[in-house]
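Paired with chain B in one complex and with chain C in the other, chain A is shared by the two complexes that follow.
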Partner chain A sequence: MNVRLAAVSLMLVCLPPAVSAQDVRLQGRLDARTRTAVQQIVDSAAASGLPTEPLIDKALEGASKGADDARIVTAVRSLARRLRESRVALGSSANEAELVAGAGALSQGIASSTLSRLRSVRPAERITLPLVVLTDLIARGVPPSTASSVIVSLAGTVSGSDAFSALRRDVQQDIVAGADPAAAVSLRARALLAALPPPPGKVATTTDLEAASTRPPD
Partner chain B sequence: MSRTGALLLTLAVALANDGVARAQATLSVDAGGTSVKYDGFERTNGLSVAPALKVERGSIFLSVSGDFARFDGSGGTSALGELAGSWFSQPRRDGALHVEIGGTASTSAYRSAIRNSFLAAHARAHLSSDRRGGWLSAGTGYVSHTSTDGSMVSADVGAWARISSTMLSGSITASRFPRANPVVPLDLQPLAENFAQALLGWRDSERYETTTDLNASFHIPVSRAELDAVAGTRLAGHWGARRQWVSVAGSFWLTRRIAVVGRAGTYPSRVERGYPSASFASVAFRLTSRPRSSTRFAFVAPRSTAISLDVRWQGADTATLRVTAPGARRVELRADFTDWRSVQMSRNETGGWEVTLPLVPGSYRATLRIDGGGWAPPPGTQGIADEFGEFVGIVVIPERE
Partner chain C sequence: MPEEQDSLIAEVVRELRAQPASDLNARVRVMAAVLQAQPPVRRGSFWDWLLTPRGIRISPLGGLAAVSLVAAAAVAIASLDSDRSADRGQVISTTAAIPPFQTPVPVQFVLVASAASRVAIVGDFNDWNASVTPLRQESRAGLWSVVVPLEPGRHQYAFVVDGKRWLADPSAPRAGDDDFGTPSSVITVGEKQT
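Presenting the complex of A and B:
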């Protein structure tokens, strides 16, 4: 009897709910039809183990900006697809912030293979900030191949996130001052590399970065 | 007059009730030379001084301005004084409906021949996003002229768009006013069809007449310079020697408070005031307590730019976001972590702006708005095009150390 009760309880716990409740934040922000369409995408993502919060945020962002219903649903669906692609590239150990940052990088034209390379050079550390800085650099006009190579090389050379915060800040200043984006990234990355001690067992030289920044696009 | 009185009373109540922020005043004086040729008259040259005081207090805008000119030969003198004010409501939701209630009082005199006074109030609904918008307005007032007086009504509809830093706007204005006996010959020619009459049912009579004008303008700020242009045409009603008009104005800031301002062009007849159309050119030095755009649009660009954003953890799941924005009167934040609702930041003791929110580490999309201007990526982030035709920045909330 106890075994049967335990088995039934286990089944109830493991079974996903047939119909999930709609997120209360969507009420009043989207019309009923759009809400249902968004909720279906959210439910599908949840069933796949993907984070759903970014999808709700995307729908709310569209509503806040006055986008039409079709555009909101398309944006949410595209984000769900990129989150899925991001998880494949970054692996199942990636947390929500990394998946979101990875999806952001993919939206800027970064190849999923770059995300995988970034994960492989930093298997034990979070790569949220490197992914965000990579996205930022491309939006600032740095060629994707150059930005990808520099970020991957830097991620494999230094630990922590300070170097990426500094790179983001310094490149922004250089570009505002009139520097070529690609040149600014290469120069600043080399300067960071020279200033920061590499982790034990890893030795990178400025030549590595120079070679990386001239690597052909993915 | 009863409608005018009611609107002015509404404005006065709104002004009295609004005590949102400390008033900020901008004083400017334009002084230089001017040349005017009224159509049908000889060109006349002179010197002019135009002081202006603009005061902003929360959602209230007030301006007091004057223009005094002394012309050579028999040109004599002209004087114009104007007091204008508007109150803007807070939008019902982000980038949506604003209501403006305003009033204008002015008086002018040219030589001893023309004197008129003007008192008007208007209500205007603005519907806008960050980059485009439109308005619909109705107003009423009272005109007193050398030869006549009476009530007037007006209505206008317009739209604006911002493309990069260029602002474009266009409007159609219909007015019905007491028919003045012009002191100077206006060579009035009636148009066959009058939009104001057709759309609004306003009819000309012995005492009243109507006009419908189409105006377009643009404003381009380029580094230390600003360029403005206005063009228009009288679609219906009466016109003098000119049915179309165009003028350009350029400002170049020599220092933060001194600019050279040049203007040239034509303007239409002001039938209700008895002024004929004219061509003009002027050059002046402008001294101001703060550099400002020479053209005001429905929603002006913010006067302050945020220069930094930092995050400080307050507890396990609460963090304070701080923004440095010198000169700002209002700073709002809209982000993933606010459910994309506008959250107003509070001024802290150091003059910065901050808001404390429940947060978890991660990367978030966010935008900032300063002084009711356009939403923009937060400082230190790069604007990334979103799926909705706007730009966002990515803010990284770091792990708590």
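Presenting the complex of A and C:
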């Protein structure tokens, strides 16, 4: 009996973590078949090292909004695909926040090559905030190409995150005041560049940003 | 007087040093009994064996060999664990990069819905559950409000009016990735680079 007990205990300890239970939050919100389909996507993402919380959240959002089962599964699968694409574009060093922010930018029509460029101009810094501001600008009505060019140029010119916070705040104020979103972001970006000292070794001019704001990202 | 004392002391010492007469047979019997006495047989369990103190004799060379074996095993285990960590590098680096503690920030949400009898807010911070976070009616003019502690980051949310009508926050940007045909809004809390 003791031997059996020890064997069972050993098996429990040695079970691989991949054998996971269903997320309890999905129970009661999705029917069994949809829940299983969503859980398979979640497990696959977890096995790939991708964040799973956004996937669960997407399924819950769909359930709360009364979406049909197929639409929920499609939305979760699409998000998983964007998370994978985000990791490919941002590299294996990207953390969870960056991957989620990258997936959000991709959902707004940003090209994955823009994510890669953003990473390449800031290889040693987290780019969560630039990605979030990029996504917010597009949500505010700034054309994706203009927003991408400005954010990439700004990321390669200034260090830290203050400039991005200021850009988002100022552009939002301008849009609320009635300004054209594209014009507002170009104007505010030029003003930021003129006010902020560039990091050592990097010199950008207002002409660079002006050209960036009118140039398609790729 | 001193001489009398000396002789008395000498007498006492002599008496004390003198061995009492003993029975030789008795000595033999006692020693035989001692030799025949068996130590108590331990019919104990594995634990008795395990817990019984023992002396271990080992040569210096053997000791060095044992220490070397233990060190080699420790290095091998550490190397194995390192390999496993590398396999899960994405997860490990992700976990390490996340700040250990993020203080929730109280955020006030306001909606003007004069005809509403009840309003709730749903979002990724409450599992999109309309029964978790109701708004309170602040005035008869239809001003509804609630304060929600949110962790730093980007959040999506919406208002649910009277349990059935979904509204995006008119004062916040729309979420672009609406996959379900119902608009949501976006709020970004904090400006940390995470």
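Just so we're on the same page, the second predicted complex is superposed on the first by the 198 of 218 C-alpha atoms of A that agree within 3 Å, B and C clash if a C-alpha of one lies under 4 Å from a C-alpha of the other, contacts with A are read in each partner's own complex, and residues count from 1 in each chain.
In this text, a contact is a pair of C-beta atoms (placed from the backbone, for glycine too) under 8 Å apart; a residue touches a chain by one contact, two chains touch by 3 or more.
Fair warning: this is a prediction, and the values are worked out from it, not measured in the lab.
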Next item on the list: Record, for the superposition on chain A, whether partners chain B and chain C clash or fit.
Entry: clash
Next item on the list: In the overlay, answer first, second, both or neither for which of chain B and chain C A:G49 touches.
Entry: second
Check: Which partner does A:S92 contact after superposing on A: first (chain B), second (chain C), both, neither?
Finding: second
Check: Taking the superposition as given, does A:E61 touch the first partner, chain B, the second, chain C, both, or neither?
Finding: both
Notebook entry, point to check: Between chain B and chain C, which makes contact with more of the residues in chain A?
Noted result: C
Checklist line | Colliding region between chain C and chain B, picked from 182-190, 200-208 or 362-370 after the shared-chain fit | finding: 362-370
Item checked: Residues on chain A lying within both footprints (that of chain B and that of chain C) -> 25, 57-58, 60-65, 67, 71, 74-75, 78, 96-97, 100-101, 104, 108, 126, 128-129, 132, 135-136, 139-140, 161, 168, 172
Notebook entry, point to check: What residues on chain B touch chain A, complex-wise?
Noted result: 94-96, 129, 334, 336, 339-341, 361-363, 365, 380-384, 386-390, 392, 394, 396, 398-399
Margin query: With touch defined as at the start, can you tell me which chain A residues reach chain C in the complex?
Written below: 25, 48-51, 57-58, 60-65, 67, 71-72, 74-75, 78-79, 87, 92-93, 95-97, 100-101, 104, 107-109, 125-126, 128-129, 132, 135-136, 138-140, 161, 165, 168, 172
Notebook entry, point to check: Can you name the residues of chain C that touch chain A in the complex?
Noted result: 88-91, 93-94, 97-98, 122, 124, 127-130, 153-154, 156, 166, 173-177, 179-182, 184, 186, 188, 191-194
Margin query: Considering only the defined contacts, which chain A positions touch chain B in the complex?
Written below: 25, 54, 57-58, 60-67, 71, 74-75, 78, 96-97, 100-101, 104, 108, 126, 128-129, 131-132, 135-137, 139-140, 161, 168-169, 172
